[in-house]
Amino acid sequence: MESYKADVVIVGGGGAGLRAAIAVAESDPALKIALVSKVYPMRSHTVAAEGGSAGVKLPTDSLEYHFNDTVGGGDWLCEQDVVEYFVAHCNEELTQLEHWGCPWSRTPDGHVNVRAFGGMKIERTWFAADKTGFHMLHTLFQTSIKYPSIKRFDEHFCVDLVVEDGRVQGVVTIEIGSGEMALVEGRSVVIATGGAGRVFRENTNGGIVTGDGMALAYRHGVPLRDMEFVQYHPTCMPGTGLLFTEACRGEGGFLVNKDGYRYLQDYGLGPAEPSPRNKAMELGPRDRLSQAFWYEQQKGRTIEGQHGSVVHLDLRHLGEAKLRERLPQIYELAEQFLGVDPARAPIPVRPAVHYTMGGIMVDGLCASPLPGLYAAGECSSVGIHGANRLGSNSLSELCVFGKVAGEEAARFAKAAAGNSASLLKQAQAVEQRLLGLKTKTGGSERIATLRKEMAQTMEDGCGIYRLAETMQATCDKLDELKERFKDVNVEDKSSVWNTEWLLAIELEYQLDVAQSMAYSALNRRESRGAHQRLDGFEKRDDENFLKHSQAHYVAGGAPRIDYGAVKITKSQPGTRAYGAAGEKAEQERKASNV
Amino acid sequence: MKKTLKRSNAPIFWALFGAGGMLSALLGPMLVFITGLAIPLGMLLPVDTMSYAKMLAFAQNIVGKGFIFAIISLFLWHAAHRIFHSLHDIGIHAGIVAKLICYGGALAATLVTAYTLLAIGF
Amino acid sequence: MSENQRIIEIEVLRYNPETDKEPSKQVFDVPFTDDMSVLQGVQYIKDYLDGSLSFRWSCRMAICGSCGMMINGEPSLSCETFLRDYYPARVRVEALAHFPIEKDLVINMEGFIEKLESIQPYIIPKEARTLAQGEYLQTPAQLASYEQFSSCINCMLCYAACPQFGLNSDFIGPAAMALLHRYNIDSRDAGKGERMELVNSEEGVFNCTAVGYCSEVCPKHVDPANAVNQNKTNSAADYFMRFLTPKGGAK
Amino acid sequence: MNKRRPYVRPMAGWWRKNPFFVEYMIHEGTALFVAAYALILLTGLVYLSRGEAAWNVWLEGLKNPWYIAFHWLALAAVSYHTYTWFKIMPRTMPPVIVGGKRLPDMAITGGGLAVATTACLALLGLVWGIAR
């Protein structure tokens, strides 16, 4: 087995991973960086982000506002000191991207333009048309080429961490092209493998978003935090789940039910004004909008489509010219995938799984409890999203915490002792285990069947609204699927580009991650942010559950769930109110503060 | 990591190709029509349009000389370039030989044109 | 849903380097609905008919650039090409043309990545700017001048479309040139001189014979042919100007 | 022990496999007519330099039906060249921005063809004027 020695290993070539790699390279050009990614970096799912990236920009805005929006939006389950650091560094990071060439959309005088986004009080979302993630990712990837110390392992699939002497010392990879496994050593490792949305059925995520990194850390004893909080995005394509960005509403789109009625006004988000005001109506937070959809569906006021109930995203009043300029990709998506011309007809939409708020538990410096292991991006839980992420906060997170993770990992690598000599043996054991998965014969379970059943049960039990009974059923089903996985059949026995084998490995990761979600959800007996229950726990319960859930891996069994404290600095938990009610609440808060 | 790059001499041929292509696109159809169809068939233009006297005078005039030279040589450079590439396209990578035949032919014709125009005198 | 489900034939060019001498065709019967893409068709094959079929994909929304294939001989993104447009005829799916096939529909793209790396695809500023100085000012018009060339998703359809690349894989090719051009004309960049060396070289723009099919198939309207061909003019200018200017154009 | 064995497909006959390429080969093929026509002119020039008798032989020769047929074909080919030349034009020149919008391809091609038509008519007019 080949082995390669680096100083810092970064797993994941998305926004977070690339930013981390550049941070390591800039902090010390002598450090050797191995950037491992199962796809070429520009294929990473950051590429799909459409709407934009938050950073205080306008003179009317302030860091405090951004802080309040984020903490309130997260239903107070945020680490407030980390949020404070975050909001203070967004603008700087987005400016850095500008210097690196990101084609941000501009105002007529040449400054970077900002747009409105859900749950944000003031316009602060930097955007590059409706391809923000695409441009950020390509800018980061192309910039990373400048640094000779970054050695990329493109299309190398990370299958395990190597832990020895109580610290992580490298990773084991499969070179997809040859099927050969290798040990990539490092004195520190950054995980930046993105979210896990593919464990659900209808989702906005790419095929690669399978929670691998979460499972890797989890299996090595690192808790997954707040995994029950899974964001449903309210405006997705029925069937495929493809996303119509929140920017559609930021630009002034309406959501209407089958009667053409802007139903959000019935759910405490009104009043309905001709163009949505910030933090009201269509610009409310995602959890609220998705929940409103659910109620409309219960009331029979949605439209029945081929792929379930839908409501209409109406952009017609914006006019073709504006749509083509501000939302060109959305325009094409609607035309090509749905045969709908958004300037002439409303777009059918329904909620779909979009984002995993939880992830690998790390502190404000992106360090996990396992020494040498860092995490950043969607796979991590650094603590800024709480129970519900605000749109456009996560692209900024990639940059802000990608950089922190890179710098901290570099620091750790320089201080750490040399690596143990016996790592290769560990890696060879991993190789044997995984080759076994491929070479074994006589399995009777199809990968696709298991995957489908998992995705369905997650949707059933961990959807927009949750009940103990169905969550329990989901937990049981996942246990069953894990059992059945032992009998999985990999038809393809070859080495070169054996993607079936990789799918099997991914499925195993997904099952672990799904379990952490379902059990965390079952145990949280309250409703908060994206976790909403209808079985007697409809209220937020700060007394018992203003806490982070932490799922611990238990080999061969159900995860063990315990809880950790939430760091509250300046914002005491309050009512999450939006629309007119929200404005009133805010005024009252202000008045009482003086 | 950086490869050593060799500067291509293509701009010379490409510029001639472009100039000839533009000239033939602008005037080609009408020239073919006049010299190849209208005159021999006696259509449209007076029969003596290309009489010896007129053509000699044209070829002795400095502007006329320039015109004739440009048309013949640039048309040929244009065509030579395209033919050279088409040979490559259909899988005849004769390389230097093809190059010599195509561009060499254009060069030879250019020289003959120039010589003849000079021989015709002023 | 099942009433309007029909069966379409998908013919796939298979190649397994470990057992096959050369690629061969295999036909699958795939049930499909009107909203199914060709990608979903091949996914169906992998999930239920033959798990060994290999192909790249991820985003499903025509932005990650992974899923390029030859569909009925045309380079296309399989996630935004729909089976309904071929039915009842058979759909023919092959790996992207002009690239070596690794397995089935997977091509080797290392050469392309090397090209991307060779064009210095990052801002080379006149003078470094600090974060404290804030953003560069760039007017919407300045942005518009390069924006189109910056929207390349590296799907390589243009390479599969370009016969000149097929005949000579050293040719820098359409997408890499589009990206190079994008940086050259970005108001923040001053690296044009360095990049011209590649444009002018034997691997450079003059391999292009203005076939133009690259722009035709580009799913993101990058118009790479325009980038390549504009740079012929730039390169020719550079070629002749060096005789006129004492320093000699780009080095 | 690397099992990769990338398969490189042959290029032979590529231009027959796609209508776009067939068209490309045809418009490249117009070069044959351009070359032949230029050579005919060059012959004429040489005959002109040899005196009136020689010139008249050349002029008479043009009336040969084969030559006439050739010139009809050449006219078609060169006209097609003109059309395709301007059709690719939008690919080859810097984008023209008018009023903040990129000029559409059609406009550039149309403009080019209009210029070519004008040039041709001007040439005809000129010849006609001189000859009269």
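Going by the order they are written in, the chains are A, B, C and D; count residues from 1 in each one.
Here is the rule we use: contacts are C-beta pairs under 8 Å (C-beta built on N, C-alpha and C of every residue); 3 or more make two chains touch, one makes a residue touch a chain.
Here is each chain with its UniProt name: A = Fumarate reductase flavoprotein subunit; B = Fumarate reductase 13 kDa hydrophobic protein; C = Succinate dehydrogenase iron-sulfur subunit; D = Fumarate reductase 15 kDa hydrophobic protein.
Since we're looking at a predicted model, the values are computed, not measured.
If each chain is reduced to the average of its C-alpha atoms, the one that sits nearest the average of all protein C-alpha atoms is C. For the pairs B-C and C-D, the larger set of C-beta contacts lies at C-D. Per-chain CA centroids place chain B at a distance of 37 Å from chain C. The distance from the centre of chain C to the centre of chain D, with each centre set as the mean of the Cα atoms, comes to 30 Å. Centroids of chain B and chain D (each the mean of its C-alpha atoms) stand 12 Å apart.
Centres computed as Cα averages put chain A at a distance of 57 Å from chain D.
Touching two or more other chains at once are residues 177, 494-496 of chain A. Residue positions 17-18, 102, 108, 117, 163, 167, 209, 232 of chain C each touch two or more of the other chains. Residue positions 3-5, 11, 15, 28 of chain D each touch two or more of the other chains.
Chains that are in contact with each other form these pairs: A-C, A-D, B-C, B-D, C-D. Only residues 117-118, 163, 167, 197-198, 200-204, 206, 209, 232, 235-236, 239-240 of chain C touch chain B when the two sit together in their complex. Within the complex formed with chain D, the chain C residues making contact are 15, 17-18, 22-23, 73-74, 97-98, 100-102, 108, 141, 144-145, 163, 166-167, 209-213, 215-216, 223, 225-226, 229-230, 232-233.
Residue ranges of chain B in contact with chain C, taken from their complex: 1-3, 5-8, 10-12, 14-15, 85, 88-89. Contact residues on chain A toward chain C in their complex (touch as defined above): 39-40, 42-45, 47-48, 92, 95-96, 98-101, 103-112, 129, 131, 134-135, 138, 142-143, 145-146, 154, 177, 206-208, 239-240, 242-243, 306, 329, 332-333, 336-338, 446-448, 490-492, 494-500. Residue ranges on chain D touching chain C, taken from their complex, read 3-9, 11, 14-15, 17-18, 20-21, 24, 28, 88, 90-95, 97, 100.
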